[in-house]
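One chain, chain A, appears in both complexes that follow, with chain B as partner in the first and chain C in the second.
Entry: the complex of A and B
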């Protein structure tokens, strides 16, 4: 009882500190999300879903300070591509750093903050819908908080094959910023869209993206979470897939005190395919590092395929967390579900904590999961060194080959190459340092 | 119990008929009869007076009574755990008996000859004759039985009391103590005091705490240093009385360099009302000692509507305290309406070793949430988990396990494999492993699958001319047999006849 009271108190305090926007078309969804949040309360360390990750910094009424990144400035990732750019600085839209117009055939883009002044919008049926559905069987209070409190975001609707990717650039400029963004993506039947996301966003960043892929639609998502050492982020992707729809998401994470990426994916149409992958690099030398991938894939329809591929490379006390689940509902026969979570611990101090789960209620399925943890393969290292490769370089090569399976989940080879280049640079800098 | 045979059960390709039939036939619960015998009960429910009464009935010293009362007070403040994937109605802890013993046991029989013939007949019928015979019934002439025969000492627990223990004298000659725990508390208080609650603390969890307060009997084993126990030891638990919970406590101590193989079996009559079974097993293993603990759990599973059956909430834990200590848990879980059981290994000693082999079968409305914990604390410790779960009917079968590598457990190793097989589309099979690795010289591998067998082995078989299905059947069969063979021979026979299942269908 006392615990419940404390939780309700902390939740009330957190809500009181929010500057809740008065939405137009989102108003009912925001109100519902707020009452959801009040009911479930903020998470605590004793909650099963948070046993490996302490939510305290995310619970705090004001965002903990985060120093700005002062390291090597690299050119903008994906910067050389023909793309549509929307830039958010500490969660605020920056027109000067964005594309002058978003006109591309088969694409409608509007900003949540602007669209939400209207009573009607195509996203009305989507905003908060998938988030609300994703609250069972596991509560995700920060997602409800987001739906209630999001100050801006992007509403993207693809009605055909969109030729240019949409690129959301997040910039962190204020040490005390607390950004809450909520994006809605609707890929109509047979349409195709590529969405790119880069940058650290804010001192504390709460982001929700709801992705609704209609029958035969294709959605590609490549994200690089920035290099700010002291930022904290909680992100959610809620996706719903129609028949024969495709969803592919890859995330690269480097640095960050605390990053929790949740993906909640429901395959509700027959023959849908969902792949979620992540590569995380954590070096505790420049500050604590905790990276948490929490994935929940639900198979509702027959003949769907899901893959989860998560790799982490950890050193100097870095902590990696993986909580992944494949839920196969009764009737979702011919399901092909796969999940792999692997960690490479480069020294004695790093940790990997994992809970890879299967919950299966259909008999004609092929589901498997694997999880491995260990040090770098000394035999492989020896082989490379015997061929004249210096130790540090050999180690980098092995790290890259370890991450390769996750990167291979990016369909576009050009994007793959850019991610690999970033990884190589990151490793090279660590070698020098 | 058995599924209606007219009912056409949808089975996917690859599940062989024999597997389906065996699982269905498991429904025919052979041990559902009860023994008409005059019983003496403690008053209904549990309170401090009941705890004192149980202690008094066992003729316990004051320290033991206090220990129980302390546990009971703690239990009152505890909440029943609800994290397992188990759904059952609220248990009313005050509506059952915590102590029941046959009237004829009023005067403790001095030898087996004095035991009530009705009780002896009960065990005879269960295939566990309480005679100092050479081998257990049913395995005569079986392969692998040495010509001079094998001996198994049995401690038989009937409801709340131990009825008798066989081969006591012969074991005594070897220095082995094998008796009921109530006797051990009276006869060997120093050993009990030193080790009781040292592996599973008094208030470890809700059910273990209740057990600490009200355990009525159980077995006690002490193997002296450098002694190989001359025969297998076994405890057979029988719940007979209605509305009665069974709370036994087993304590096994393997001193330096010793070895023992211990077997546990259990059955209960068919009853409409669910009955509670909350046991605690503690095993202490010192330097270079080895303990094998095997269970064939065949409590009454309830009827096909889920009425009745045993609610089995068991805490089992082995503490490998010494270097190179070794423990092996093998379990065949086929009974119980509810199974909540996680035999665990604390690998404290350097190069200590823990193994867990499990076959869990759930049919009809049965629910099983079972697995193991491997806690690696010592350097170079090793553990291996092999779990096979089979679900049929409307059953739910969950593997739940923990592998934890502490920072100091350098160069340790774990390998986990969990396979699930579903028969029919109304059941569920779930896997909930926790993996916590806190050093990098250790390797942890976890694999859970319903489809994958080792590709190299498959390739080998195929290169010898087998077709894929044959190859798969061979590989998977071989693997399952390995689990069954981890059981001592007597149990392997029982388990095989109980399971007799090929896991061919686990490849789809």
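Entry: the complex of A and C
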């Protein structure tokens, strides 16, 4: 009872510190989310899904300070592509660093902060809805907080095959920034969209993205979370897929004192396909590192396919967490569910905590899961060195080899190549540094 | 070229001697074969020379062109001109064969103070060498040895040899797992690389590889030592009579 009171107190304090926008069309959703948050309260270490990750820095009423990145400034990832750019600096839209207009055939883009001055918007049928649905059976308090408090975001509607990707660039410029962004993406029947996200965003970043893919729609998502050592991030993707829809999401994370990426995906139309993948590189030498992937995939319809592929390379006391679940509902026959989580520990100080779960209520399904933890393969290392490749460089090649399966989940080979090149550069610089 | 004197080696983890005073000299441009029964220490010799972890040299010396090998890291030995063709080439998923070859070649060039090869020059070189070994472009694009047949893996080893141009090549049971046609292809590849400046140490169980790669000298190894040395006819003797007679004679 006392714990509940303490939790309620902390939640009230957190809410009091928020600058809650009143909202136009989102007002009812924001109000509902706020009462959800009050009811469930902020998480604690005793909560089943927070046992491995301490939510304290996310619970704190004000964002913990995060130093700005001081390393080598790299060219903008995906920067050479013809794309539509929307830049947010510490959560604030920056028109000067964004595309002058967002006009592309088959695409409607508006900003939440602007659209929310009106009482009507197509996103009314999406904002906060998938988030609310995703609160059961597992509570996700920071997502409810986000729906209530989001100051901006992007509302994207694809009505055809969009020829240029939409690129959300997140810049971190203020050591105390606390950004809350909420995006809604609707991919209409038969439409196709690629969404790119890069950058650390803020000292503390809370982001929710709701993605609704209608029948036969295709959605590709590639994200790189920036290299700031001390930023903290809690992100959620809530996705709902119609019949024969495709959803593919890949995330690259390097550095970050705390990163928790949740993906809540529901396959609600027959024959839908959802792949979610992540590659994380953590080095505890530049400060604590904790990277948490928490995934919940629900099969509601027949003949759907889901894949979860998560790889983490950890060293110097870095911690990796994976909590992945596949829930197959009654009637979701011919489900093909796959889940793999693997860690490569480069020393004995690092650790990987994995909790794979399967819950199946249909009798004609194929579901598999696996989780492994291992060190560098000494035979492979010797093979490379015997060809003249120095030890450190050989180790980098084996790290790339380890991450390859996750990167292969990116459908576009050009995007794949850019991710690999970026990784190669990081690894090369680490060897020199 | 390669000079091994009184080499004693044991496993690092246990007190079990494997090489017990091995002497061997391979001159420039020569092809030597080492034959011997299982457990005689043939593969250990190849690993110790190339610098694999897990072995401890308790006595003796090994040098390449007068430079002592045993203190060098594996990559330094490679840059000095030593190459080991593996009995079981390692699969490396996610790393393209081309990337691997280019990384290895440029690392060696860098170690020797030579300029790295440009992407264009490298591509030209690898295509030319691959063609001679009947390795198609598709195989170059695939991850290192992943999904390769036994023969493809061994041809890939020879391709690496051709690209890296070592002066001392050790072939560890290169014929294992190969059918006659594949063996012929591999042997042709090796023969094409024979020159007055390049030496070979061919480790094998069977005489049949030596029909294709004809050695100048054949050594019989048993219990961690060279027990008999002769010409190519020694390999035929093994083929006809087995090791027992030779070993009995040597003792």
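Convention: the second predicted complex is superposed on the first by the 433 of 433 C-alpha atoms of A that agree within 3 Å, B and C clash if a C-alpha of one lies under 4 Å from a C-alpha of the other, contacts with A are read in each partner's own complex, and residues count from 1 in each chain.
By definition in this document, a residue touches a chain if its C-beta (ideal position, glycine included) is under 8 Å from a C-beta of that chain, and two chains touch if they have at least 3 such contacts.
Note that the structure is a prediction, hence the values are computed from the model and not measured.
Undergrad: Superposed on chain A, are chain B and chain C clashing or fitting side by side?
TA: fit
Undergrad: What is the contact status of A:70 with respect to chain B (first) and chain C (second): first, second, both, or neither?
TA: neither
Undergrad: Between chain B (first) and chain C (second), which does A:355 come into contact with in this model arrangement: first, second, both, or neither?
TA: In the superposition, A:355 touches chain B alone.
Undergrad: In this superposition, which partner touches a larger number of chain A residues, chain B or chain C?
TA: B
Undergrad: Quick one: is A:388 in contact with chain B, with chain C, with both, or with neither? Answer first, second, both or neither.
TA: second
Undergrad: I'd like to know which partner A:404 touches here: chain B for first, chain C for second, both or neither.
TA: second
Undergrad: Which of the two partners, first being chain B and second being chain C, lies in contact with A:378: first, second, both, or neither?
TA: Only chain C; A:378 stays clear of chain B.
Undergrad: Superposed on chain A, how close does chain B come to chain C by Cα atoms? Whole Å, please.
TA: So the smallest C-alpha gap separating chain B from chain C comes to 14 Å.
Undergrad: Intersection of chain A residues contacting chain B with those contacting chain C?
TA: Overlap of chain B and chain C footprints on chain A: empty.
Undergrad: Across the complex, what residues on chain A touch chain B?
TA: My answer: residues 48, 330-331, 333, 343, 345-348, 350-375.
Undergrad: Could you pull out which chain A residues touch chain C in their complex?
TA: So the residues of chain A touching chain C come out as 377-380, 382-391, 393-394, 397-398, 400-405, 407-408.
Undergrad: Mind pulling up the chain C residues that touch chain A in the complex?
TA: That would be residues 50-53, 73-75, 77-79, 83-84, 86, 89-90, 92-95, 99-100, 103-105, 107-108, 111, 143, 160, 164 of chain C.
Undergrad: Note which residues of chain B are touching chain A in the complex, please.
TA: My answer: residues 10-12, 83, 85, 407, 410, 420, 422-452, 508.
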